[in-house]
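The following pair of complexes shares a single chain, chain A, combined with chain B in the former and chain C in the latter.
And now, the complex of A and B:
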């Protein structure tokens, strides 16, 4: 790994900033909590002390989920952008999120108890993400143009949106309410007890991505050249889609569909680091993506006493203009 | 989409209520029939009625109708409706509830959808194709409505304007906003039955019914007024990351006050809802006695929504919801506020025997 001095500095700063933001996030809720309660919530936990309960049961899972959401979606976006050699690719734009949403809608609104359980929703989100990942991979083998692929992704989104709308009009009010609430997106739904498995799956995706660094670096020069250099294109594509589906499905299941993080952060990372070395890009995406969602959630909590903004709305508010900027820059 | 969901979301998103400007009645031949409702006026003028709809947003009169039995009659500045009207399209459950209370549901020729109806007779008439389903008010099938020769559409007014009202009006089909859901007093909501009474030429029956429930409601309120034991109550639930609780001047808060309980957010301003963070709600409700209207009919469904709701103390034993029969609640609770209050007293003051069992509410398991 050959990093320039500037790249090293950026990577170190973003690496240090992430835990700092984690700490700031833990202290940024609506309730003022003293340092002693903060420490005790980790080392001398008393569940009858509400302040300690808030830190441990509410803020800690929310903070970790913000990091995993930002890091995971950014990583998924980075992989898709490299796979399709397209800076506008991402799990949201290419319909992976839509796949998850569609399958979750089925699971919540069919009224079958197992499907609407936690396990049912998580499995559905993962299967949906993987199915749509494979579908978009298949489409990419049929069309060469990046624009066509993006259009196909948008069509997938519209198609699933229509099915979800039909499901909504046929579902009971409680099912509809459950789905609407899930679709609003939230970092608050995760429980402390669920974090080990979420963290494990995220790390699995991260390790998988690190193992793919070499082929990813080769894919940047174009798929045909990569094949000439000995890359097993089909297997690599399947691996990339699997990791993307795992990360996107996991996050969508627990937090609902969260837009633009997977599209905006990898582009920001590429612009900042000016490298095609995926080892650097992967870690930078994880640090900056995690930090980005943390900052969004800190902002949400700071504004909470005046205005409540859903996480999905804020990431879109920040991410959408950034994407417009990228498009305009490419056109210029 | 869904009437219930729209109602639910609308109830939690209403802002503050402007000052309502009622008409001054100077004419001795005119008599206002309204005492509690803020968003409509019904004035008896000789044998006819003047009907004014007051915008919940501006507080100004936005629509004026002249209800008369003589089709030849008219009044300047008013749209004439000949009563009794037949062939009504009732887009909200409360309209069906009010018409069925007056035993006038035969006038209904169209509803939003059968999934949201409780009234057995209306369901039977849908089954027999005597009533058509027209869907939501933002996307009505105008041709179908013309085909069945509907005369009047009763809509909820979730949006500012009723879509297609101009076209419908040009075709002689009038549309009336039923703003009962924007009223802040439980008896103000129920008082809308007087409008339905006027439309179906059953004014006296409507007044008799209203007077009866008004007495019952006030009697119940009086019965618990002096009780010293005032349990604490939390209401609402989380949507996304935000907890929506009824504001201090909302009709839910009014009803809780009438049930002589300490509603946790009674001191908040506004007639809609107050938005709170989950951590604040948990912090402030560790010792709250009761939780009402969580929006779901089982503890599992609530926990599936967000596992952290297990920290709301009353969830274990003292959570009550109307969701076990949502259609019954939406259709009848407006017209039976005394039964809602009776349920509240049954729940919060079990020592006072108002009824043997709960009517709308259920202790969720």
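And now, the complex of A and C:
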């Protein structure tokens, strides 16, 4: 599993592009901020200076969330696609996002004040993702074939979707509004003080994925053949689904259900890098996924004075045609 | 090497193949011959432990196949299936390298020795020129050779092959049988391949295991085997 020259060049370029986009992101937004204030906000912070406050309290969390959202969802999608040997798998298809949506819908629309608070919504999303992750894990111990499991995930998604619809039609306009806003997704709901734990959990998921490189590389030829090469597929399934639930739950909790990133980016990465070496694929997904959401969010900020586009709309707007392309290419 | 004791193989309690007692040795090539549906694939899957036996036991190197851990077993037996995985962007090198995965450390890094084994395995099957191609670009015949190279790279004392010559032309079929026979002798491996190609198999001049779907018995036939005997037992 050696890198070709082209792959190394791609990896280095995307690795350099990510921090560059992070900087561009920090400087974008309606208020122009000078270089001195930018440096001071990190090394010589004065909280009475509005510009420094904006960088540190608003833009830094938003930028980091964009990176973690893109990188984390792409990573989760990559793991799912390899586990299920299916380019159309992802945390969305498997119903892990639906778990979050269902729990959040419940917590917002029950009308109980604690549950509809920020903390309530965040914990509901996390609990939802893990509950559905565990449910999928339970299903995976019952069914042998990955296709059946994928089907079960889809069923889970439609079933919870129906419940969410019923909840929506029964809820007040105020509740409906706050659920809809959550469902649109936002990178702005995270506070500086929450960043360390979010970053820690993300890095945990990343390290976990790197430790799975060898079984992931083996799984590309199918679970049955991987077993014959000594892979303990049940344990690996458990690890993969846990990492996916952790990353998806974390991101959905803080940013809402962001669609398509987890599906589109890993496919894009495989097509451009033309490899099945997961060491390369993991880092490429992190760089390109993070970069993709940063670009989306920079675009959103550029257009903000004219039209407000929710992040979930923009990622889908770019992601959906891409999925269509993949399907058509597969058929051809 | 491989010992069968009162083995019964089949589905839903209906035995397809019964073997009272049989020993397969290192350094030999065995051809498993019989009609379609007579249980050849089931027998191979049972030897590698992925299909449960109805009764009896299969012993590999003095230990029951089911008491090996997966990783231990992957260093003992390899199986070349008749189907090839449909995976995009997987190079022949990376595919054959998977055969080394039972031996590599946790991150799967290949050492110099692994690289040498991968090249040598491809060399044995005259497939070195394919090394940088994607497996999705290969012809059916090339895929079969590469799949066998992966099994050789896995460096197991037993290699099982399910219809490995199905997509090869006649000269390559014959060449493959003789190559496998040579590998068995030279590297002291026990190789079992299934086939329903009678003429070709007889030319190979090796021991036969004949399935019969009427009697459900597996008959061991020592070389040299005549065509008529084989026809009578395996094809009624």
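Everything that follows uses one rule, which is that the second predicted complex is superposed on the first by the 286 of 332 C-alpha atoms of A that agree within 3 Å, B and C clash if a C-alpha of one lies under 4 Å from a C-alpha of the other, contacts with A are read in each partner's own complex, and residues count from 1 in each chain.
Criterion: a residue touches a chain if its C-beta (ideal position, glycine included) is under 8 Å from a C-beta of that chain, and two chains touch if they have at least 3 such contacts.
Computed from a predicted structure; not experimentally measured.
Peer 1: Return first, second, both or neither, reflecting whether A:229 touches chain B, chain C, both chains, or no partner chain.
Peer 2: Touch partner of A:229: chain C, not chain B.
Peer 1: So, A:218: does it touch chain B (first), chain C (second), both, or neither?
Peer 2: Once the two structures are laid over each other on A, A:218 reaches chain C alone.
Peer 1: Looking at chain A, does chain C or chain B touch more of its residues?
Peer 2: For chain A, the partner with the higher number of touched residues is B.
Peer 1: Just to be sure I read the superposition right, which of the two partners does A:31 touch: chain B = first, chain C = second, or both, or neither?
Peer 2: first
Peer 1: May I ask you to decide whether A:50 touches chain B, chain C, both, or neither, giving the answer as first, second, both or neither?
Peer 2: Touch status of A:50: first partner only.
Peer 1: On the A-aligned overlay, A:187 touches which partner chain: chain B = first, chain C = second, or both, or neither?
Peer 2: After superposing on A, A:187 lies in contact with chain B but is clear of chain C.
Peer 1: Quick one: classify A:118 as touching chain B (first), chain C (second), both or neither.
Peer 2: Touch partner of A:118: chain B, not chain C.
Peer 1: Taking the contacts chain A makes with chain B in one complex and with chain C in the other, which residues are shared?
Peer 2: On chain A, the chain B and chain C contacts do not overlap at all.
Peer 1: Residue numbers of chain C touching chain A in their complex, please.
Peer 2: Those residues of chain C that touch chain A are 48, 50, 70-75, 78-79, 81, 85, 87-91, 93-95, 97-99, 101-102, 104, 106-108, 110, 134, 154.
Peer 1: Note which residues of chain B are touching chain A in the complex, please.
Peer 2: 1-2, 4-5, 8, 115-116, 238-242, 275, 277-280, 282-283, 286, 295-297, 301, 304-308, 311, 323, 326
Peer 1: So in the complex, the part of chain A that touches chain C is made up of which residues?
Peer 2: 1-2, 85, 210-211, 213-214, 217-218, 220-222, 224-225, 227-232, 270-271, 273-277, 279
Peer 1: Where on chain A does chain B make contact in their complex?
Peer 2: 29-31, 50-51, 53-54, 57-59, 116-118, 168-169, 172-174, 176-178, 180-181, 184-189, 191, 300-301, 304, 308, 310-311
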